[in-house]
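Should a chain be cited, it is by its letter among A, B, C and D, assigned in written order, with residues numbered from 1 in that chain.
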């Protein structure tokens, strides 16, 4: 691993050790293609295990992770890069690794990332999908489900838990308040009655 | 004679279905389970007859199962059921082995006509597979039958049965011919390894894919009639026929169970493999048997 | 074809003939007998729409052996009486399921496995599964559980057999009667992308609906 | 493309007896020869990764096992290990042994189910009847151990959910003896079956160089002579202390893959016997973890791999400092097999080989599309 680390240092990249079998390199988007090429041809990372995409909505980025393995398959190197969320575009890697074709097809469908050089950006899992790519974090699946599908009665699952809990707490609070008020009113009434009884007793 | 024919068809219908029920039971026991009742095939066929049909591909489609059923019924009435009584011998004197061999091809051809109009690609594929397999199946069977005809010097089944009474059973005299005919029979019964036309993992139900309800019931009845006819034919040719009902049941059952046992332990060949196998091994066996008949009597 | 849609259990022509000859009673007895035979022989096409597909092999093989009750698997929907939908349905699957269901010949029944077809189940907030199957096709028996054990699947079969035996109104009759309801729901959830039916032109129902 | 002129197009699936789950393969046939194949998935898409984003770790734990239906346990193990990697939870020795045990049990159960599928695909109806029943005995043990027959929800982050019951290991040991006997029966009826040999040898041959480069995993890789197994290469749980071989073959065809699977079953039995011997008597099974609503994942990401019964299954997981999971992506073992490999293997093969090839590649649609 020191070997790879020193090689990467020449490219002014830092290899972070996550655990004994997992390493991570963060690269810039413009260097991505050349670095992946050198990973494949020079460092011997001949297998692409997967391409993962993460939606960092707050920063307006997609974080793309290429997980690479050598011939020995005894460790994984994550090559990570970030792309802009709006007009997300990535170079297609299917010429380096054929299996990238299908992974990129999925990413195109689920996140709306565009691959200009990709040979077949057809449907992967969805069919006639007209809405926002569903894995984006701003796609509200709960709202979508409620607009598409009526639920059977007596099922409260389609409600937001947080809102419902808040509502329930407020209801509880209100009930408690009401009970207190009632108790106070009762007490007051008793106090009102009591003088009479005391008066009766006195008599 | 008409009465006897009707009686024969009814007998074949009942025996055929009970055999099929038995087949499912034996299969179940081999597989380690209970299996359905022995009358399950009756239930199935009555239920299928009571189903409604909403598919219609024209009159040719209706004709297919009927041609198949005709082939089965004709085969049945041309095969002598009992060896020494005239009872249930119906029309045996009208035909001989050559007619029977022709009738055995009639069914698949009728099926091909019907399935062609259905237009289901899986059905067409199944029919093509069936016809391809038929070439392989018929060759050893025909050679075996020709061998028997030469040995008996007659193409009349009754004569072949009578020959066996005096000269010993054909299964002992001509074992090679028997083996070849039995291998073909496994295929004629649609058992593994020759159950290629209706392979569910490949072409759904093959030729039967588009048939439903009444057509399927007709096909099932036809199948059981034909199965009975084929069993009787085999015991007539090789086991000297049957002189009583018990003998008939015993002998046909023996043949049937043998076929089941062969079928249950094998997988399915591909079409070319099946034809290749049938053209080589059973045909060779049958040819050897034929040579033995010709040169050694 | 008309009789296929609004027919009772036996062909209506036969019923008329029997009634004319004062044998309506015979008809009732025959219907009862046919129902009994129908309940004893159920051909199943198992559509593995979800997780339940994993409990289908045990149900039909030697340990639980559904065949002893006359429940047999067949390969094509044409020959089947019963379709087992084993689990949640994605929209993409629903299109195929409707197609498969319409290819089946009447009388036909539907059994679903698992909680998902009832009310979304575990995937209630998934954007790609339907939540209430009986909005789209009629369901005869729901077998609940996640996953239902083979025993409960068999119990579902027994329940269906009893319903058939008693001649209760089945899902396919509801489907034929409330066709518009089901078709509207299907259109709503699947958009305009439903395959035309095998037997009827659903989009020209007012013109007779014959394809 | 001129070949495609006279072809007919058929769909193998989604409702088809010869398909491994709810997926379909679009085939262009010339006679019975396949000229072009295209895989279609999505019939089982639930958007698991989206569902997990909306749930806390504990809520997500109950649904991850549904990702791959025939073998839920590698999913649970991956999920638990990813969470442990992110939060730094350590699990006890006993929990490690129990998890290894349940993974191996699941591997055996899955291989029995595979055997049924593989034999069924060539029309040998006897073997599915037997092997599915044999698998059921394992499911009974699962039920005793975890409470669930198919879905176990057992390997919780930080350990396992409950202790092994009394007498469980004896029952497991008996079952291992039974399985060993059964495998010799299957040897006679299935693996040495003439027809299976004649159908499987030389069909679906995978090239070794291509296998490594294209990211094929599991038996597909091992059947062409490459000794790769996550249990050995990146050992997790107790696999570095257990003795087992990695069976390999060099032919790379369907038959070689079947034999590799059979040998792996024997190895699983061997591993399970060692575990039964070494299992610690007592020990903590579940580490004390904070209350589930306050169980937070750090803003970090990790990548874990587990050897499932059909090859390496990987999870990518990222947290963002909240109690919910930012992103979990699944890379099932058969993702590449179903597309890159199957579409290539089927060209110029026969229609009869489709079901057999699919079964032998271990294609499982729910993990491809989640």
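Assume contacts are C-beta pairs under 8 Å (C-beta built on N, C-alpha and C of every residue); 3 or more make two chains touch, one makes a residue touch a chain.
The structure presented is a predicted model; accordingly, all values stated were derived computationally and were not measured.
Novice: Please state, in steps, how far chain B lies from chain A along the shortest route of touching chains.
Specialist: Each step joins two touching chains, and the minimum needed here is 2.
Novice: Higher C-beta contact count, A-D or B-D?
Specialist: Higher C-beta contact count between the two pairs: A-D.
Novice: Centroid from C-alpha atoms only, then distance chain A to chain D, rounded to Å. What do you get?
Specialist: 26
Novice: Could you please state the distance in Å, as a whole number, between where the Cα atoms of chain B are centred and where those of chain D are centred?
Specialist: Roughly 44 Å, centre to centre.
Novice: If you average the CA atoms of chain C and of chain D, how far apart do the two points sit, in angstrom?
Specialist: Going by mean C-alpha positions, chain C sits 33 Å from chain D.
Novice: Just the number, please: Cα centre separation of chain A and chain C in whole Å.
Specialist: The answer is 39 Å.
Novice: Among the residues of chain B, which ones contact at least 2 other chains?
Specialist: 31-33, 200, 204, in rising order.
Novice: Going by the touch rule set out above, which residues of chain D reach two or more other chains?
Specialist: Residue numbers touching two or more other chains: 16-17, 42, 45, 47, 50-51, 54, 129-130, 133.
Novice: Going by the touch rule set out above, which residues of chain C reach two or more other chains?
Specialist: In chain C, residues 61-63, 75, 92, 125-128 touch at least two other chains, as defined above.
Novice: Given the complex with chain C, which residues does chain D contribute to the contact?
Specialist: It comes out as residues 14-17, 21-22, 42-47, 50-51, 54, 62-63, 66, 69-70, 113, 116, 128-130, 132-133, 135-136, 139, 149-151, 366.
Novice: Looking at the complex, which residues from chain C come into contact with chain A?
Specialist: 91-92, 95, 118-120, 124-128, 130-132, 135, 189, 191, 193
Novice: Residue numbers of chain C touching chain B in their complex, please.
Specialist: 1, 3-4, 7, 9-11, 34, 37-38, 40-41, 43, 61-63, 65, 67-70, 72, 74-76, 78-79, 81, 105-107, 198-199
Novice: Which residues of chain C touch chain D in the complex?
Specialist: Going by the criterion above, the answer is residues 45, 47-51, 53-55, 57-58, 61-63, 73, 75, 77, 88, 90, 92-93, 96, 100, 122-123, 125-129, 146-147, 149.
Novice: If we count contacts the way the header does, which residues on chain A are in touch with chain C in the complex?
Specialist: Spelled out, the residues of chain A in touch with chain C are 125-128, 130, 134, 139, 141-142, 144-145, 148-152, 155, 157-158.
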